[in-house]
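Just so it is clear, A, B and C label the chains in written order, and each chain counts residues from 1 on its own.
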């Protein structure tokens, strides 16, 4: 086995929504410990792409391989291993942070839940507010708790849907720190984002999605700076 | 394919028109006038025919609902919807004719006769089904939700019938209306012929309406698609 | 299979502990059923003999009307912050969401009934002469059927913008056989009639419960799939 095995592999994934072909033949691999960013113009099918991968939507055709194993329809195994951070926080406003984490922890069958939930709350800086209903939380605090929720079951793949939207500088720094830390421990991370700055700061590789197709991918080495990446992106989007 | 379906349409149309006239002749001129009820009894031929189609349409909704769930497909979804729309019309006709029948034979506009009451509840389920279809969202989602509701609705109809019949017989002894003076008690052969023929005619009418309805609905979708395409183009 | 029930209980206990803290839905349901009783006591003069005839119907009327309020909330609360998607992306069987909601709603509605039905009897000055065990059995089986179908349709209706209006329109026609059976069984028991008559109605209700539980359990996955 290679040092970096393939974590997730999508083969010819196609999704038909209504009569519209939202995703066409998407083939993409995610290596172990890699951060892959998917960028693209609005309406390119980024969210649908995510939902199909997470298993919220059934792809019309194509295969998803996890750790080299073919994923069956609606299997809990995949969901267990994927941490999905969506647009919304998926949290209950009437519950406190601790209750929210415990609820999801029970569904994910997390062992040693109490300690883990408390540790995570400390990590995202919400330990002080652990018993307050989250209704009054700001967007940034919500997002931090949402991240804690995603990290709770120790997912092997993190899928982050525009994680930086609406966060202040401090929270962005915290989020990036957590992402980097997770990467170092071997977690694969897939990010959808508009935020070129963050993508550039985080990602090892960038894929451009346009009109349901992956039109190009590029490895981000240290030799490529932010303007260069932007230039490349604009060229790719306008050329196809 | 297209030509073929045109032939079927024409065939249906050319059976439908003459059989309607024959049915009218059979019902109003040929078949004898009933002894006790007189002329109002004639409504019975259409009442039974419409009721038959109303229930059949609902079974067809259920059938296409199951197929939509197994294989989400625009065609099945449209067929289920059109069948429900036609079903509402025939259920309404059944209710109205049933009420007229009730007024003339039992001197009351409404009795909780099991078949009539079941038809009323069927009407409500149909309307609820159409409400589900009017929800906004992608057609795939609506197809799924309405199919699920259609199946639950079909399961419910026989239970409704059973419950109401049971309720009726337990509450008060059967004085009138429970089947005997409608179909049982020996219907005259002439009447039976007229009845069967009008049932046949109304079934053909259903098939014809169904085909036309599906065609129109498909056209609507094509137009809608073309419209969004044009809009996308204009917007750049 | 075991984990379905465990997850269902996790979801139900989340809803119930939440309700226990805020007491919003249950309070509304109680007030609403008392108001229905109040309005009906204006409509049917409680001092007259009519009472006996309307009580069995009223038991179910307050159950269904107040229950619909709770059912509406049960899935709308999951749409806040799109928590339902969170549940769907969790490694659980979609049916456990349904079972959990059925359990939570059933406990919610029965706890409202524990108060509202005695209130009904008191306000209508109704002397209970039937067998109380049978009465409770009928109420439980009827309520269970109502919740089974109601929870399912609440999940279905929650996809619409006007779900509060849609739910009763969808639910009431489907409930009609159950309500006929429940009202008749209640009437027989309250009038101290022969239990055998009530038993046949009870059988119909149990058959309805089982049939729809199976159908809803199986079909719920399709509602959750959504796009």
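We take it that a contact is a pair of C-beta atoms (placed from the backbone, for glycine too) under 8 Å apart; a residue touches a chain by one contact, two chains touch by 3 or more.
Note that this is a predicted model, so its numbers are computed, not measured.
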Of all the chains, which has the CA centre nearest the overall CA centre? C
In terms of mean CA position, the chain most removed from subunit B is A
Chain centre separation in whole Å, for subunit C relative to subunit A (CA means): 40
Between subunit B and subunit C, what's the gap in Å when you average each chain's C-alpha atoms? 32
If you average the CA atoms of subunit A and of subunit B, how many Å lie between those two points? 50
Could you list which residues of subunit A touch at least two other chains? 17
Which residues belonging to subunit C are in contact with no fewer than two other chains? 225, 227
Subunit B: positions in contact with at least two other chains: 138, 140
Using the touch definition up top, name the residues of subunit B that touch subunit C in the complex. 69, 121, 124-125, 127-128, 131-132, 135-138, 140-141, 144-145, 147-149, 151-153, 155-156, 159-160, 162-164, 166-167, 170
Complex contacts: residues of subunit A adjacent to subunit C: 17, 54-58, 74, 76-77, 79-80, 82, 84, 86-95, 99, 103-104, 106-109, 142, 149
Where on subunit C is subunit B touching in the complex? 149, 152-153, 156, 159-161, 166, 169-170, 172-174, 176-178, 180-181, 184, 197, 200-201, 204, 207-208, 211-212, 215-216, 219, 222-223, 225-227
For the complex, which residues does subunit C have touching subunit A? 3, 7, 10-11, 14, 18, 21-22, 77, 80-83, 85-94, 221, 225, 227
